[in-house]
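There are two complexes below, and they share subunit A, which is joined by subunit B in the first and by subunit C in the second.
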Partner chain A sequence: MGRTSAYFQADWFGPAVISVLAVLVIGLIDRAFISPAALDVLILAVALNGMIVLSQMVVIAIGQMNLSVGGIGGLAAISFAGLMQVQGLPPVAAAAIALLIGVAAGLFNGWLIATTGISAFVITLASLSLFKGINLGITSAQPFYEIPAVVKAFGSEALFDMLPFLSLPTIVIAFALMVLLTRMPLGRNILAVGANPGAVALTGVSLKWTVIAAHVISGFLAAAAGVMAVARLQIGLPTIGDDWLLLSFAAPVIGGAVLSGGHVSVGATLWGVAIVAIITQALVLFKIDPYLVQAVLGLLILWAVGINRWREVRARKGEGKL
Partner chain B sequence: MFNHSAFRSILAAGVVAIASSGAIAALDTKVGIVPGGPHPYFSAWGPSGKDASRDFKLGAADYKVPAKWELGEQNLLLESMVSQGYNAFIIFPGDSVGSVSTVADLVGHGAQVIAAGGCFKDPSKALFCLGTDTGNSAYLGTKELLKVMKGSKRILHLTGFMVDPNTQLRIDGVRKAAQEGGGTVVQVIADIDAPEAAAEKIGAFMAARAGEIDGIIATAWVPAVQAANSLRKLGDKRIRMVAIDHDEVVIKAIKDGFVDGTMLQNPYGQAYVGAYALDRLRHGCTVKADAPWKSNALTARFIDSGTAYVDAAKAGNFVGAMQEITKGLLNSFEATYLNCKK
Partner chain C sequence: MASFFLSNEFGLIVGICIFIAIFSWVDANFWSPFNLFVISRSAGVYALIGLSMMAVIATGGLSLAIGAIGVCAAMAFGWAIESAGLHWSASLAVALAVALALGYVNGWLVVRTGIHSFVITLATMSVFFGGMLFLSQGQSFRALPAEITEFGRLKVFSISALFLTAVAVALLLAAFYRFAALGREMLAAGACPEAAELSGVHSGRMFILCHVLSAGLAGIAALLVTARFGAAIPSMAGQLGQDWLMPGFLAPVLGGTLLSGGRVSVPGTVLGAILVTILANGLLRMSIGEFWVQAILGCLLLAAVLGDVMRKRYLAASGRA
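For the complex of A and B:
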């Protein structure tokens, strides 16, 4: 197989081409879309949404879903902001505790799913309500306002005036996940459990601990997204996370993830995030009627997913697999 | 920093004198104060309920928040509160139409129900709706914005949930004021009550189109906060802005000159006066059929809970403005809207 063909068949290729073409075409129509300030907003959106989506992608890899991604992220966000405002903790300590909360929430989800055999859908649906309830119990639906300047700067400023600081955690985590899923036993076990749990069990790999590990990683990443959201929004709102669910599934699917598990791609998923962000921001710039925005967004996501699927089918036909 | 306790104390002190004169022993009244879901707009309802409970000697006036903005979540909460003995409810409808049957169930259990913040769609068993005249507030806010805009008057309108019927009223109110004042609404960005979506869409617009507008009118809480932050980040005071509500970020932006003013609503007064009214209704008063009801797209029994414009000169004492609104509403409420045996 030639290098060109390999690129064409790579999961990330289709979403990457669509993203780049979309930016170029929209940029040609309206130069403002590719202004440095607009690209900065686009990168910020991809950075935050990327972390949210990677949190879901890890659980999709084992053939499950985590409906509580937003609940965990919201709880971590208000914990991070609340610990700084009420307890006076420095940002690093508050962030560490918020991330630990995410790990604990993921452990709770994973342990319940692995030990009870109840579906992840049901468990995480219930835990979503639990985490949100704790969030509201702590905040009484009131925001935390006293976000330290260093956190605000992290959420709004850029390294060498080029790369937003907020994108750094997402870049680091994306590389770590790529290494985990392609080079490390745990990552390979996660994908194997998603592809064929029965076969994995026969090899002596612990299904239980693999499922728990995937949910712990998911909880950690959701919490990281919550901390990043506080930096980005410069306020600890209790509604952080409420709007994450659709995006968290849309981007991995656009990136070619198999919802039944066993196949995900970090790169393709992040390009999927970029497609959603480009669509969202283009709709604003093109002054689409606000009543139609949701419908147009849904149609365009379907279109992008369709293109990706068409590319996949065509590639397989070329190989004679279909 | 905006201190919620201090805010509550100051506001309560202003109205307690009036309240105490009309208070009767009403410990059997247990008021449930339930928003449609978590939102900072309702943060004043909690302390307001506590103050009403103390001032009117109620059995309780408790603020309970559904975990999500879903009708089912709100219904579950309301049912559980009925079983706990709550017999009067102040509700922001989770769905103006879908919640009507829930109100009928509550009334069937002997409870009194009023809507606050938003209304149920007529016909319903709710006694009345106490809320902001949202269309008028948006209209007045836009008028204030037009006053401070120099030269061309191109306006960006930021607003909230598209499923909220108030949103269309706000869009209409802004358009009407703009037309009357020689302005143009160049774009409406809606459905940005989620903070992440608000930051992304407002950021995208400001990055690409800031030069094409001269003013911003925000008619929902979260967009107002994010737009105030965006203008502060840009550091450009050319673009004028009028916001809504009293979030700390908005008030500080007014003081610092990034935002010109804000249209205060009166969530504190809605829950405070609402609890008072429910207690009176449970003790022999009835709703006046011929009261000077206002009407909106949902109900013909609407009471405006009041609105006020706060600019930089008044931002230091915006609590005083809310206090005045609540005082005025409570002072005249019984005589205007209720028939009570002397």
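For the complex of A and C:
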């Protein structure tokens, strides 16, 4: 297999080509789409949504799902904003506590799933309601307005006027996850559990701790996304996280992740995020009814699911010939 | 007899009695005719939402789209009355037809693609809800005929007509699962599709019909909500219809419906919905605040599934499983 052909085979290649083509085509139709301001908005969207989606991707890797990603993110977001406004903590300390809350929430999910054997869907549906209820119970659905200038600057300014600060955590986490999933034992265990839990247990790897680890990482990333959302919106809204569910599954599916687990790609997933962001922004640019954006996102998932399915069927036919 | 005392239904009846005892002790007005009407009204809607989810859980799958389908049906009802000028009875048929068609879309996609129903219904939830918002432009239909509003207020001995409707539907559904060949084939396909195929059941067709049945029940639930509000409102089930997910799963899971498919309990689901409604109502009347109630319902779902696991372990240990 040649070098170029290896690129064609890579998971991220298809979504990457689609993203670049989409930006070029939409840019040709309307130059406003590739203006620096518009690209800035695009990068910010990919940065924040990327963190949300990576949080879901880690759990998809073990063949499970985490409905409480938005619940954890919302709880972390209001903890972060509340600790700064009410307790007067410095932003770094508040962020650290918010991230710890995310880790604790992930531990709660993972521990329950691993020890009881109940499906992740039901456990995280229940914990979503629990986390959201605590969030609204603490805030009485009122936002925190007093966000320190440092945090606001982090959410709105850019490094060397090029790279938004908000994209730095996502870049760091994306690389860390890539290393984790491809180079480290824990990452390989996570993928192996997703592919075949029974076989993994036979090799002596602890199924329980691998599941818990994946959920803890997911909780940490969801909390990070919550903190980033506060910086981006410049306000601690209790509704942060409410609309993450659809997106968090759309991007991995569009990026080609197999939802039965065992096979995820950080690169392809992030390109999936980019495609969603590009299409959403193009629909706004072309003044398409905002109500339709939601429907288009759903159709996009169906289309991606169809493509993945077609690829699977074709791969199976290919195996048959050999 | 011993098996009845270990059943979910018995546990739920005990739970309902305990909650009623606590709440009527704490709150003298718990038994007031008005509160009975409020509880029975909500319980009727929750029971139908639970039955709608239960019909899909029977396949071993789930449907995130029941809320979106319900809202689409309610909006179709409002449109048929106000814009198409149909009589309300014909409009009911239009609404149910819309719901059944959307359920067919879900079922067809799940069966034909072989993709897990979670992903399919996640996508269709967004498509249905987005399409509904686009067509309605987010506007409610408020000029409904007096019959509809009156039905929402109708009570028999302080019990809401919405609850009686739900009970009637539940009885029909229970009879359908127990006596109709089609109902039994649905359960057989859900329990083990391969085995069902071998005995001549078209599992794929059954799965599609389960989704259609679920959508029909979601449509009825949404029409009851419409009668209650006297209006068809796009936000009646929350953003994307997600507000129906918690009651949708709570009632069947409390009622002992097997999440892996093949076993449903209609009375259990109705009792589960009643328990959830009484608990939420009692807590709200003790001014706990609706946000904490949401957290408590989350804990209740956890407790229900954990209790189920422990019961199974006990049954296995005592050799009765």
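Quick note on the criterion: the second predicted complex is superposed on the first by the 296 of 322 C-alpha atoms of A that agree within 3 Å, B and C clash if a C-alpha of one lies under 4 Å from a C-alpha of the other, contacts with A are read in each partner's own complex, and residues count from 1 in each chain.
In this text, a residue touches a chain if its C-beta (ideal position, glycine included) is under 8 Å from a C-beta of that chain, and two chains touch if they have at least 3 such contacts.
Quick caveat: nothing in here was measured; it's all calculated off a predicted structure.
Novice: Give one word, clash or fit, describing how subunit B and subunit C relate on subunit A after superposing.
Specialist: Here subunit B and subunit C cannot both sit on subunit A without a clash.
Novice: With the two complexes superposed on chain A, say which partner A:Arg188 touches: subunit B (first), subunit C (second), both, or neither.
Specialist: In the superposition, A:Arg188 touches no partner, neither subunit B nor subunit C.
Novice: So, A:Ser127: does it touch subunit B (first), subunit C (second), both, or neither?
Specialist: second
Novice: Quick check for you: in the superposed arrangement, does A:Ser119 touch first (subunit B), second (subunit C), both or neither?
Specialist: second
Novice: Applying the document's definition of touch, where does A:Gln142 land relative to subunit B and subunit C: first, second, both, or neither?
Specialist: first
Novice: With both complexes overlaid on chain A, does A:Lys208 touch subunit B (first), subunit C (second), both or neither?
Specialist: A:Lys208 sits against neither subunit B nor subunit C.
Novice: Of the partners subunit B and subunit C, which touch A:His263 in the superposed model: first, second, both, neither?
Specialist: Touch status of A:His263: no partner.
Novice: State whether A:Leu246 touches subunit B only (first), subunit C only (second), both chains, or neither.
Specialist: So A:Leu246 only meets subunit C here.
Novice: Once the shared chain is lined up, is A:Ser156 touching subunit B (first), subunit C (second), both, or neither of them?
Specialist: So A:Ser156 only meets subunit B here.
Novice: Can you list the residues of subunit A that meet both subunit B and subunit C?
Specialist: Residues common to the subunit A contacts of subunit C and of subunit B are 129, 132-133, 136, 140-141, 242-243, 291, 293-294, listed in rising order.
Novice: Quick check on the complex: what are the subunit B residues that touch subunit A?
Specialist: Listed in rising order, the residues of subunit B that touch subunit A are 1-2, 4, 35, 38-40, 42-43, 46, 63, 65, 67-69, 159, 162, 186-191, 193-197, 199-201, 203-209, 222, 225-226, 229, 233, 247-249.
Novice: Enumerate the contact residues on subunit A facing subunit C in the complex.
Specialist: Listed in rising order, the residues of subunit A that touch subunit C are 65, 112, 116-119, 121-123, 125-137, 140-141, 242-243, 245-246, 249-250, 253, 259-260, 289, 291-299, 301-302, 305-306, 309.
Novice: What residues of subunit C sit close enough to touch subunit A in their complex?
Specialist: 62, 109, 113-116, 118-120, 122-131, 133-134, 137-138, 239-240, 242, 245-246, 249, 253, 259, 289, 291-299, 301-302, 305-306, 309
Novice: If we count contacts the way the header does, which residues on subunit A are in touch with subunit B in the complex?
Specialist: Counting only subunit A, the residues touching subunit B are 30, 32-33, 35, 37-38, 40-42, 44-45, 48-49, 129, 132-133, 136, 140-143, 145-146, 156, 229, 232-235, 237-240, 242-244, 277, 280-281, 284-285, 287, 290-291, 293-294.
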